[in-house]
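Both of the next two complexes hold chain A, though its partner changes from chain B to chain C.
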Partner chain A sequence: MKKQTRSKSGVFLMELLISIGIFSVCAAVCIHLLAVAESERRYSENLNTAVNIAAACADSFKSGNDIEQIKNELPKEAKSFRCTFTMVDDGGTQALDIMISDDANEYIHIKAARKGDTDG
Partner chain B sequence: MQMIFTLLLFVLFVALVFIVLLYSAGFYKRIGESAEQLNDKSSAMLFITQKIHGSDYSGGISADKKMLRLDEIIDGEEYSTYIYCDNGYLCELFTEKSNAPDLSYGNIITPLDRLDIEYINDSALEIKLAFGADTFSRKIYVNCGISYESQVA
Partner chain C sequence: MDKKRNGFSGTGISLLVIVFAVLALTIFSVLSLMTTRQQLSLTKKSAATQEAYYDAEYKATKKFNELSRLISNDYEAAADAAESCNAALTKSDGYAVCSFSERINEKMMLICEFSVSLGDGKVNVNKWYCANIEAEEETTETSRPQISNRPGA
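Let's turn to the complex of A and B:
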């Protein structure tokens, strides 16, 4: 009778260990997927902020502000990004290359244009 | 002894399942909420920006601290579109300019807790949106001028 109990508990233990093993693998995959989802969420949030910053800069440029003014008027969210501005002036049209990035990603790269006779 | 060990292991397993399940559910909920808020933020800001740029002609845009009025002429009749925040939503009301607007009839656009408008000069406005404790702002520039009124409605 004793032998039978031991044997039953041994089988249960084996089953349990196998279940824990399978569960651990599933949990690891699940946590990995959650980490990927979190990183995607952050990217999406940063992209949204970067688009907002770039659009505001393009607006500012089109209204006649120069690069220094645009830099001074950057929203507070821009502090966590690298904002690069390059002006191209071909006489008739002024174009501003706006690139918003951080150490890991380049989020947006747009060009805003205005007539060359605008101040700045 | 072996039975106690097995039972302990089983309890540990159940506890682990429970913790992972709770953690995953909480995490999934946070991601969903965050995506929804991000969507609300960008929808509200895009809506206001597009509306302002769409009315960028002389006399088209008027603002006070809480509301925008965009005027247009259709078939010789003057109409106004009011954009404002009411009862936790960004709303839009389109009406004849001569009518006193009843803001409770506005169309709901997207959830929004507060809309603040800062008049910078006659070609720039700063739109500040609040979603709970989270705020979001953007300067909007126009070419044809913005008139500031103490109360646009």
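Let's turn to the complex of A and C:
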């Protein structure tokens, strides 16, 4: 009777060890997947914000504001990005080179041009 | 009865629990990865469209500035320049009307039209909007009158 109990607990322990081993491997893979998903979500969120900031800056420039005014009007989300503005004069057309990046990525790079004097 | 109760040792239950836990973990992690992948692809597409739009608008604005300056100074020279850059230039009632389009991507284009008063050189933007290429081509082919509430249209 004693021999049988030892054998059963041995089987149980073996099973528990195997289960924990399988669980550890699968959990490691799944946690890696979740980490990848989290990093992609953060990149996607940053890209979306960067696109909105760039569009806002471009529209601000087109409405006649200069670089200082554009910098002052930047939304608070822009604090976590590096916003680079370069004024370009391309054959009489005033253009603003806008680049939104951070330490790891360059998110968007657009060029906004301003129309000359118009009535409408 | 006692014998039966003692026979139950819990063998297999831990494996079952682990299998369910791993299954749940796998399903949630794969679903979360798929969602973020789709979201990222949509955001990248949106960013690419935005970049393409500003690129097209930059080219169109450059063309607009060059042509409007030329038209106010010398209409004949402007006609040649308009022809070389695929813009249509017409003259009516003391106004020169210039229209051109700039491709944004495979589906969209930027339609631009402006008029310049030949007397005082005042420039007026009549049309400046994005349009679907197929819809615009269809409109041009059938010559349907454009009914819209776009500003300047």
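Worth a mention:
In this section, the second predicted complex is superposed on the first by the 113 of 120 C-alpha atoms of A that agree within 3 Å, B and C clash if a C-alpha of one lies under 4 Å from a C-alpha of the other, contacts with A are read in each partner's own complex, and residues count from 1 in each chain.
Assume contacts are C-beta pairs under 8 Å (C-beta built on N, C-alpha and C of every residue); 3 or more make two chains touch, one makes a residue touch a chain.
Since the model is a prediction, treat every value here as computed from it, not as a measurement.
By the touch criterion stated above, A:73 is placed in contact with chain B alone, chain C being left untouched.
Looking at the shared chain after the overlay, A:59 reaches chain B, while chain C stays out of its contact range.
Look at A:9: by the touch rule set out above, it reaches both chain B and chain C. Of the two partner chains, chain C is the only one touched by A:115; chain B is not. In the overlay built on the shared chain, the residue A:27 is in contact with chain B and with chain C.
Counting the residues of chain A touched by each of chain B and chain C gives the higher count for C.
In the superposition on chain A, A:44 makes contact with both chain B and chain C.
With both structures placed on the common chain, the touch criterion links A:103 to neither chain B nor chain C. In the superposition on the C-alpha atoms of chain A, the part of chain A touched by chain B in one complex and by chain C in the other spans residues 9, 12, 16, 19-20, 23, 27, 30-31, 34, 37-38, 41, 44, 48, 51, 55.
Taken together, the chain B residues at the contact with chain A in this complex read 2-3, 5-6, 9-10, 13, 16-17, 20, 24, 27-28, 31, 34-35, 38, 41-42, 45, 49, 123-124, 136-143. Interface of chain A with chain B (complex): residues 5-6, 9-10, 12-13, 16-17, 19-20, 23, 27, 30-31, 34, 37-38, 41, 44-45, 48, 51-52, 55-56, 59-60, 62-63, 65, 73, 75. Those residues of chain A whose C-beta lies close enough to touch chain C in the complex are 8-9, 11-12, 15-16, 18-20, 22-23, 26-27, 30-31, 33-34, 36-38, 40-41, 43-44, 47-48, 50-51, 54-55, 58, 90-93, 95, 107-120. Contact residues on chain C toward chain A in their complex (touch as defined above): 9-12, 14-15, 17-18, 21-22, 25-26, 28-30, 32-33, 35-37, 39-40, 43-44, 46-47, 50-51, 54-55, 57-58, 61-62, 64-66, 68-69, 114, 122-126, 152.
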